[in-house]
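Read through the structures below before going on.
In the two complexes that follow, chain A is the common piece, with chain B as its partner first and chain C second.
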Partner chain A sequence: MPEGPNLLKVPKDCMSKRPPILQLKSLTKSFGTFNAVDGIDLDIAEGEFFTIVGPSGSGKTTLIRMLAGMEQASSGDIILSGTRINDLPANKRPTCMVFQSLALFPHRTVGENIEFPLKIKGIDPAQRKVRALALLDQLRLPPNYYGKSVLRCSGGERQRVALARALAFDPKILFFDEPLSAIDYKLRKTLEKELKDIHRETGKTFVYITHSLEEAMVMSDRIGVMRAGNLVQVGTPNEIYSSPKDKFVSEFMGDVNVIPVSMNGSRTITADTFDKTFTVATIPQAFSKGHLVIRPEFVRFVTEAKEAENVLEGKLYNEYALGSRIQYQVRVGENVFIVEKLRQHSSTLRRDQTVLIGWDAKDSILVTG
Partner chain B sequence: MAAPHETGKGLSQGARNALPLMLFMIIGFAAPLLTVIAYSFMPPRSFGLTRAPTLDNYADIFASNSYISFGWSMLFAALTVALLALICYPIAYGMARLFGRWSPILTLLFTIPLFVSENVRLYGWILFLIKNGVLLGTLKSWFGIEPESILFTPGVVLLGMVYVYLPFMLFPMTLGVSMVPNETREAARDLGASRWQVFREVELPLSMPGIMIGLLLTFVLAVGAIAEAKVLGGQTIIPITHDIEIAFTYAQNWPLGAALAVLLMIVVGTLVMLVLKRFDLDAILGKR
Partner chain C sequence: MTDRGRRALIWAWTLAVLVFLYLPALCILLASLTASRYFLFPIQKWGLDWWRKTFESLEIRQLFANSITIAFCVMVVAVVIAFFGALAFARYNWKGRTVFQKIVLLPIFFPQSVLGLALLLWFNAIGIQTSWMTAIFAHLVWIIPVVTLVISIQVYSFDPALEEAAFDLGASRWQVFREVTLPVLLPGIVSGAFFAFLLSWGNFPLSLFTTGADATIPKYLYAKMVAGYTPGVPVLGTVSTFGAALLLLGGYWLVTLRRRAQS
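Right after this comes the complex of A and B.
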C-alpha cells in the first residue's frame, strides 16, 4: 500500500493544539470593589472562531473592550503573539473591533468608510480603491455601493460595510461586540452563516461576543460561557451542548429539562420535588445535591414503562410547532417537562391526555450546582 | 373619517392651521422689512412712501466713504467669529465630554450674564478697565505701576464683542460636539487613527452642524453690533450700524439709513447663503 499523507494522525481537536495567538492570564477589571471581569485565564488559537457568550452584565463587553484596548485592565496580562499588550493603546494594537452600533462614519460613503484604515496608514487613493472594491466583492456588496452614503444602506448592508472596514485594517484578530443583536431573525441567520464563511475565507482569528448561545453554536469553533465575570465553561459547541458543566450553562442553552435531585446513602439519585428515583450513567465525584439535565429531544413518549430506563407519567398540557420539530409540554404533578419530536404527518396526542415520557440514562447529565 | 386634506371649504386644513402664524409673520416680519426696502428708494430726506422711486440714496452711498464702516463691521465680525471659534471649541469639548456633572454649573455661569442688559455689562467693563478703575487703580495702589488703559482702542472693542457673543457660539458648539457618537471616536482610534486624526477625520466633521450654526449666528449678530464700538471703543472705529443709526436719528435722512440697511442685509445675506450652500446642514446632519 502506498504511503500517503497520514491524515488520521492529525489530532481531532486541532484548533486547541495550534499555538495561541491570544493569551489571557488572570485578567481582571474592577470598578471600585466590583470585579466586572474576575481573573480570566484563556488561550485563543490562531485562526480560531472563539465566542464568548453570557447574559447581559456578565462582563463580556468589558472583557472584549479590554482586549481591543478601549478599557485598561486592572490586573493580569493580555498577551498577543507572545507580547504583553496591556499598555498598548487601541490605535497601536493590530486588532480591530466591529461594534454593536457598527460605528460607521455617517458623513462618509461606503467606500470612504472601508478605506478609512488605509487612509490612516497613508496608502495612496488608487490602491485604496482597489482594496475597497475587492472587499465589497468579498462581502457580497455590488461595486456601485462604493460611492453610496452609508446612511442609505440597509441594516444588513451596514453590517457588511462595518466588517469590510475592519478587514481593510488587516488585523491579526477581529473582535465582534454583538453586531447582529439588532438585526431581525431571518437576516441574522443569513449573516451568521456568511460571517462563518468569511472567517473561513480570511483565515483570521475571530473573537465574538453574544448573549445568544444559539448564535454562538452556529458560528464558533469554541465557546466560552461567561457568568459574573468568570468563564464557567470553555469548549466546542458540541461539548457545551452535550455536557454542560452546571445548571447555568445547561439552562443557557435554551429549553431544557432540569430536575433538582439529591443522592442518598445507597448511591441512588432521587428527585427533590417528587417521588422518583432515576437511573443515571455516571455520578460525578463527591456528588450530593444538584440537577439532572435532560435535553428535550432525548425525552420520548413511550407506551410501557420498560421501554426506557427512566419513565414518568404525566398529562399533555400543550404543544408548540417549531418548524421541523414539535415541542410538547408535559406536566408531571407540578413539574413541567419539555419533549421535542420531529414533525410527523399525524399526531394522535391530545391535550390533557395521560402520557408516559421516558429517557435513557446515557442521555441525562448530572450537574452539581 | 375626515380626509386630512379636505378641500371642501376652499382652504386646506393645513393652510387654515398655518393662517394665524402666516398673518403674524407678514405683519411682524415681512411688513417692516418691505417698508425699509421701500424707503431706500425714496428721495433723500423724505418722510413718506408716496414719492417717485429713485436710486439717489444708493448713488450717495457709493459716492461716500461708507465702505469704511462696512469694512470695520465685516472685519470685526470676522475677527470675533474666528476668536470665538478658537476659544469655544475647547470649552465646548469639555462641556460635552469631560466636565461631567460640572458642565450644567458652567452652563449656568455662562448664561447668567445674559440676564443683565448688554449695555450695563459693557459699562461694567469700563469701570474695570478705566484709568484709576478696578484693574489699573489696584495695580497703581498695590504695585505702583501705571500702564496705559486699553479703553477706547479697537482691541477692546474686539474684547467686548467676543465677551458678549460667547454664549451664542458656545452652546450650539457644545450641542455639535455632544452629537458625535462616542463609538465613532473609538472605532476611528481602533482603526489606527492618532488623536489628531480622530479629531480631523471624525470629530470635526461630525460636530460641524453645531459649529456652523454657532459661526453663522455669531457672525450675523456681530455684524449688527453697535454698543461695543460706542461704549468701549469710544468711537475709535465706526461700524456700519452706527452710520445707519445716525442717518435715522440726527441726520433725519430715513431713505439713506434704509438704503444702508438694505445693503447690509444683501451683503450678510449673500455671505450666509454662500456658506449654507457650501455646508449643506441637512447633509451634514444626515437627513439626506
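Right after this comes the complex of A and C.
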C-alpha cells in the first residue's frame, strides 16, 4: 500500500553529507595590485580532513593564515558554523594552528607547552596536568616526557607535542601549515599515517596545507589543488588522481605521460609532435587542443599491436628501480614516455632494445589546458 | 710540522694571549700590596696598609656610592629603553627600519670625549647644573645603543611564530608578552643589563665631563694619577676590576644554575 515518503528509510549515505563547518565565499587577499588569494569559494564539512596543495607562491600559506586569523582578508567571507568571523582576531577564534616551525615555547617543558592553552583559559594546575598526561598518552608519548625540556625532544616528538598543545586548546578546526616539511622521508611517512589516525580518533576537522600531493593523498578526505591564488580542482584523492582537470594538476601528481594533442575534423585525437592518432574514451565538449594524460602504471609493454588500444614503438633508454616498482624510460622518436610496472624476479628488457608500449582508451584522460 | 709541535705552538700562543690580557690587571694588584708611599717596582716591602686606609676613607665610600648609583640607574633605564629598541631593531619590519638601525648604532662610534664635551656644552646651554644625575643621562646616550645591539642579537634568533602561536592559543597581547616574548628574550635582557652596568661602572670620558662636582671611581683614579698618586690608586683599581669580574662570574654562575635546574 503506497504511503508518504518514509523518512526513517533515508539511506545512510545521505548522512555523510554533513553541513559545512567552514565556508569561504569569494575570499581574497591582495597585496597592492597582486591577489595572493583570488576569490576562493569552498565548503569544508565538519570532521573532514581537507588538504590544500600547491607549489610555493600559490597562496596556500596566505589562505590558511587568513582562516586562522593571522592575516586580514581583503574581501569575501570566512564563515565558521554559520557566523562570519572575518573580524575576529586569532585569539578569539575557536581554531588553532600547528605551525611549520611548530613554535614550541623553548623555555618551557613538554607539559607546560601542552598546558599553555589551558593555563590561558584559567584551568587549575591539577586539572591541567590530568589533561596533559591524557594527551601525551593519546599521542604515543611516555608520561615521563611531561617534565622534559622541549629542546631535548627529537623531531618526531616535537611534532607530537605541537599537536598535543593544539588539541589541548580543543579547537573546532585544526590548521596545519606544512608541519612535516622539515622531517626526513621515513619519519614523515610514519607521522602522516599517525596524523590520519589522530584525525579519526578525535573526529575534529583538519585543514592541512602542503606542497606535496603525495602527502595530501595519504591523509586527506578531500584535496584542493591551488595555483596562483585559485583552487584549480577540488576532489577526493581518487578523483584528483584518476581525473585531473588539467595538465597542471596531472603533472603535480608526479611522473606522468603528457602528450600535446589536437582534435582534427573527424573527431579523432592526434599528437602534435609526432604522427599518431589515439583512441580515447571520452572527448570533452568543445575540445580542440589540449593534452592526453596517461599514468605510467597504465602503460605496459606489449608484444603485438593488437594487445592494446593505443600502441607506440620506441627504444628502451633507461630503467630506474623504485622499490616495489620499476620505471622505464622509453623514447619514441624525440618523445619520452614513462612506463612503470611491478618488480619481477626476472626481466628480459635490455637498454636500446626496440619495444612496443601500449595503453587502453579508458586509462587515458584528455584535458584542456 | 708534527702534531705534537702544532699543539705546543697553539698552547704557547694561547698562553701569550692570556699573559698579555691579564698581566696588567695582576700588576695593579701587586702595586696595591706595597707598604711604601711611592710606586716602586719591584716591590721592596709588602703590606696591606693601603687597603685598610682606602676602605676607611669616607671620600672613597662616597665614590663607590656614586659609581654604583649611576651604574644601577643606567642599567635600569637602558635595559627598558633598549629592549623595546631591540624589538624595533630586529623583530618588526617597518618603514624606516634600516635608517633607524644606522642612527641608533652611530653614537657607539662617536669619540666619547667629544660626546662628553658636547653633552657638557649642551647642559650648560640649557642651564642644568652637572652632577651624578647628568652623568646618568650622558652614559645612557652611549650605553643604550650598545645594549640595543646586545639585546637585538637575541631578538634576531626569536621565532615570531612563537608569539603567533601563543596568540592563536587564546592569549591576549599582554599574556603573549609576559608568557612568551619576555621569558624567551630574557637571556638577552640579562646580558644587556650586565653590559649596561659594567660599561657605566668603568666609564671615564663621559663621567669626566658630565659629573660636575661629583666624582666616580674612574674619574678619581685619573685625578689621582695626574696629581697625588698613592698606592690607594691601585687598591681602588683592583677593587674596581675584580669587582666587575666577580659580578660577571656570579651572573654566569646563576645562569648556569638556572639552566641546570631546567633540564
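We take it that the second predicted complex is superposed on the first by the 353 of 369 C-alpha atoms of A that agree within 3 Å, B and C clash if a C-alpha of one lies under 4 Å from a C-alpha of the other, contacts with A are read in each partner's own complex, and residues count from 1 in each chain.
Keep this in mind: a residue touches a chain if its C-beta (ideal position, glycine included) is under 8 Å from a C-beta of that chain, and two chains touch if they have at least 3 such contacts.
What you see is a predicted model, and the numbers here were worked out from it, not measured in a lab.
Overlaying the two complexes via chain A brings chain B and chain C into a clash.
Contact with both chain B and chain C is seen for A:121 once the two complexes are overlaid on the shared chain.
Of the two partner chains placed by superposition, A:328 touches none, neither chain B nor chain C. When both complexes are overlaid on chain A, the residue A:103 reaches chain B and chain C alike. Of the two partner chains placed around the shared chain by superposition, neither chain B nor chain C is touched by A:145.
According to the touch criterion, the shared surface of chain A, contacted by chain B in one complex and chain C in the other, consists of residues 68-70, 89-91, 93, 95-97, 99, 101, 103, 105-107, 116-117, 120-121, 165-166, 169.
Within the complex formed with chain A, the chain C residues making contact are 159, 161-162, 164-172, 175, 179-180, 183-184, 186, 262-263. Listing the residues of chain A that touch chain C in their complex gives 68-70, 89-91, 93, 95-97, 99-101, 103, 105-107, 116-117, 120-121, 149, 152, 165-166, 169. Contact residues on chain A toward chain B in their complex (touch as defined above): 68-70, 89-91, 93, 95-97, 99, 101, 103-107, 116-117, 119-121, 151, 165-166, 169. Note for the complex: chain B touches chain A at residues 181, 183-184, 186-194, 197, 201-202, 205-206, 284, 286.
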